[in-house]
Amino acid sequence: MKKKDFHQMLGFVFLRACIGVVLFALAGILWDIFSKGFMVISWEFLTSMPKDGMTKGGIFPAIVGTFFVTLITAFLSIPLGMGCAIYLNEYSKKGKITRLIRMSIRNLSGVPSIVYGLFGVVLFVQMMQLDTSILSAGLTLGLMTLPWTITASEEALKSVPQSYRDGALALGATKWQSIRTNVLPYAVSGMLTGTILGLSRAAGETAPILFTGAAFYLPFLPKSLSDQFMALPYHLYIMSTQHHAIAKVRPIAYGTALVLIVLVFCMNFIAIITRYKLRKVRME
Amino acid sequence: MQLSLARQFKKPWMKTALQDKFIHGFFFFNGMLSVVILLGIFTLLLFTSFPAFNEINPIAFLTGMEWNPTSYVKEVYGIVPMLVSTFMVTLGALAIAIPLGIGTAAYLSDVASPRVREIAKPTVEILAGIPSVVIGFLGIVLVGPIIAKVFRIPNGLNAVNGSVLLAVMALPTIVSISEDALSNVPHSYNQASLALGASKWQTVVRVKIPAALSGIIAACMLGMGRAIGETMTVLMATGCAPAMPESFLGPVRTLTSSIAIELGEVAYNTTHYYALFALGLVLFVITFIINMASDIILHKFEQVNR
Amino acid sequence: MNKVIRTLVLGLALIWPAHGQAAEMLQIKGSDTLINLVQKLAEEYMTENPGAQIAVTGGGSGTGIAALINKKCDIANSSRQMKSKEVDAALKNGVEVKRVIIAIDGLGVITNPRNPVTRLSVDEIGAIFRGEITNWKDIGGNDGPITLYGRQSNSGTFAFFQDSVLKADYSQKMNHMNGNAQIVEAVKQDVSGIGYVGVGYVKDAEGLTVLKVAAKSGGDYASPLNAMDVKSGKYPLARPLNQYVSGSVQGDVKKFLEYELSSRGQQIVEEEGFFPISSEYKDYNKKAGL
């Protein structure tokens, strides 16, 4: 064998090993969580309140809390994200301001989650006097999700053929009219499903809600936006570190991790499939 | 469809050019929102950490070797141990994630058949979707005991654990962006190299990777930013002793976990409270610099390939 | 798209109208040492008084006190006393604190069962946690480094241990665990480990050695598992477990506090591994109106 072919063989073995390690790590993670969490999952686990100092019972309030907080996140980040994407894709021209906006978006996605938490504590909890609540936490998460919704919305907008816009303009429509009737209706479903990716990240985040509203144990479900709430990621955190009987509740922790992963994956799956379909359409 | 559209456009209230300009302005403000938010975060952090420096010497803050705001004897606010901790786990994470990540990216762009690629690429992205708290949880229940056994130490919650977990979190970023960079290398480079008699491997290593280098470097920097800013994973799995770390097998406490640990215990508007915001400011500045640097490198890359 | 908007609005409508109902719930926050006990008390209280709503969360004594100062909770569980700085900060914020004692705790010092050391004096323990003694052989054990497990600075147990045993700063090498349970887990797995936890966490003492402690070297060694030793003061690391409230004790807060101090409440205290309050503390509580 020639020397360079030998080197190639070694090299490719290394590269295959790399992907092998990565896939092995992923498989290991999923296997551990699924195998140890599976036995805890039951209808009762998903729909009942924690009992007996949280050593028994279910995680229903955490599921409900995560649901409501994600709802608020959606309410903030979807309209603002879509609006920003519309500006970037439909209105903006190449220039310093557009570069500034895009740079800001990239930076925002790189800001550590705990820094968003700090920001949320000062702005929402204290200055706006919203106190630790679903609202504060949801708004904080909404800000954090913004870069994702902007990116996803932009992709959806890009997938609308330029001829659609031109067609409307040729008929005498104003810019906004052409967007409203010829772009948005076709882009909106893509935008929304794309933003689900961002929401799935929000649902799994802990640091921003640590000090803006998540609670250790509440005997009742949150009744209003100004209530504190339990949440799946925070629940996993305290079950594995702060609970007074950690070894005993380990199975519940695994169950929570499993529910969280399944939730995040479902949302991810929907988003990826849609993004895939959009790309195929764009390439035609 | 054309007819009804034209009819729609003739409705009087929709026709004003002024209305259109107003809407344009509305979207412009929406677009500028990201700039406003970024500036807002920075200013709020700045203003909330300012009062801390009434009582703390800024030089002592940045160079102090001990962080003990609730000391029995005298409160000290030195961030060097935390900077060292953050640095250690990040370096450790990159040592694992960069070779693995670039290797995986090279595999995806040059070795894998298109069908395999279609399955493998999304699979790596799934890794990115796993919440950080789940990774931290696995650090406690899975990785920790393994590390304890392998290194024969009583406790697996240390910098090695943190590095492994952070590598898992930084990998998808590095793989994704590096793979994009490698795919964007003009096909002519590939063909020219092969035509000159180079093997595929030689092409990848000596032609494609150098050509995509700025993209790859940018990918690694973004991965580094991710590792530095990670909170839950290090909070749960690295032991959190505030002392200056002595080795990778001992506990470390990063900037992020210090904030997460101590923010819950401070009364609002005390020196300790403000000091935590100063920590947040340091974090923000570090990640901002990394982001800007990777931006500049990527931009240079765009210019080179034109 | 309309369907999506409709679902979102419907979801929001589910939680919007009931704005402001949160005020009825009693919020108790703070000590990890107390959380198990107070949660149990709250659960029993809520069974006996349907309609009562009590939320108990942890975070450490410091967190509870900070919450009380920030007017974010009704009762702060604390395994230590409030510092004068904190009382001042509270007053500045318009909060006048009152202290109630609901149980007595024996702070246990735990080691791994494979460690031959079973008793130490307070001075020795202090030296160990200050980082002055670093090898087990210096205090009668096997040759090997000592691994310290303690709490984080927001813990009342952390502060109490510091005040009564160390009288100085902890060794910087100590591992700061998130709660009593984590310390127990760590020491169970670490032959070289030593930690301090509330006695309620070691009442079963499975897989652990609870050290006998003497006030002075060579003095009488007593165990926190022995009720008589704790009550008589022979065990040197006994401490009152407190609850702080703001303003005068009245309404739902008063009813719950009275339940905790009733014979049923104190029975639960014993069941959880702690000790009922002594008569001197009963008199102290009278000052708060109980």
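Chains here go by letter, A, B and C, matching the order in which they are written, and residues are numbered from 1 within each.
Definition applied: a contact is a pair of C-beta atoms (placed from the backbone, for glycine too) under 8 Å apart; a residue touches a chain by one contact, two chains touch by 3 or more.
For clarity, every value in this text was computed on a predicted model and none was experimentally measured.
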item: Pair sharing more residue contacts (C-beta pairs) when A-B is set against B-C; value: A-B
item: Relative to subunit B, chain with the most remote C-alpha centre; value: C
item: Separation of mean Cα positions, subunit C and subunit B [Å, integer]; value: 37
item: Between subunit B and subunit A, distance of the C-alpha-averaged centres to the nearest whole Å; value: 16
item: Two or more partner chains touched - positions in subunit B; value: 264, 268
item: Residue list for subunit A, restricted to those that touch at least two other chains; value: 241
item: Residues within subunit C bordering two or more other chains; value: 59
item: Subunit C residues touching subunit A - in the complex, by the definition given at the top; value: 1, 4, 8, 11-12, 15-22, 25, 32, 35-36, 39-40, 42-43, 46, 53-59, 72, 178-182, 185, 201
item: Touch list for subunit A against partner subunit C, complex; value: 52-53, 67-68, 71, 74-75, 131-132, 134, 188-189, 192, 215-220, 222-228, 238, 241-247
item: Residues of subunit B that touch subunit C when the two form their complex; value: 66, 68-73, 148, 154-155, 157, 239-244, 250-251, 253, 261-262, 264-268, 270
item: Subunit B residues within the subunit A interface of the complex; value: 2, 5-6, 8-9, 14-15, 17, 19-20, 23-24, 26-28, 30-35, 37-38, 40-41, 44-45, 48, 99-100, 103-104, 106-108, 110-112, 120, 122-127, 129-138, 140-142, 168, 171, 175, 198-202, 204-205, 222, 225-226, 228-232, 236, 256, 259-260, 263-264, 268, 276-277, 280, 283-284, 287-288, 290-292, 295
item: Complex contacts: residues of subunit C adjacent to subunit B; value: 59-60, 62-63, 65-66, 69-70, 86, 89, 147, 152-154, 162, 166-169, 171-176, 186, 189-193
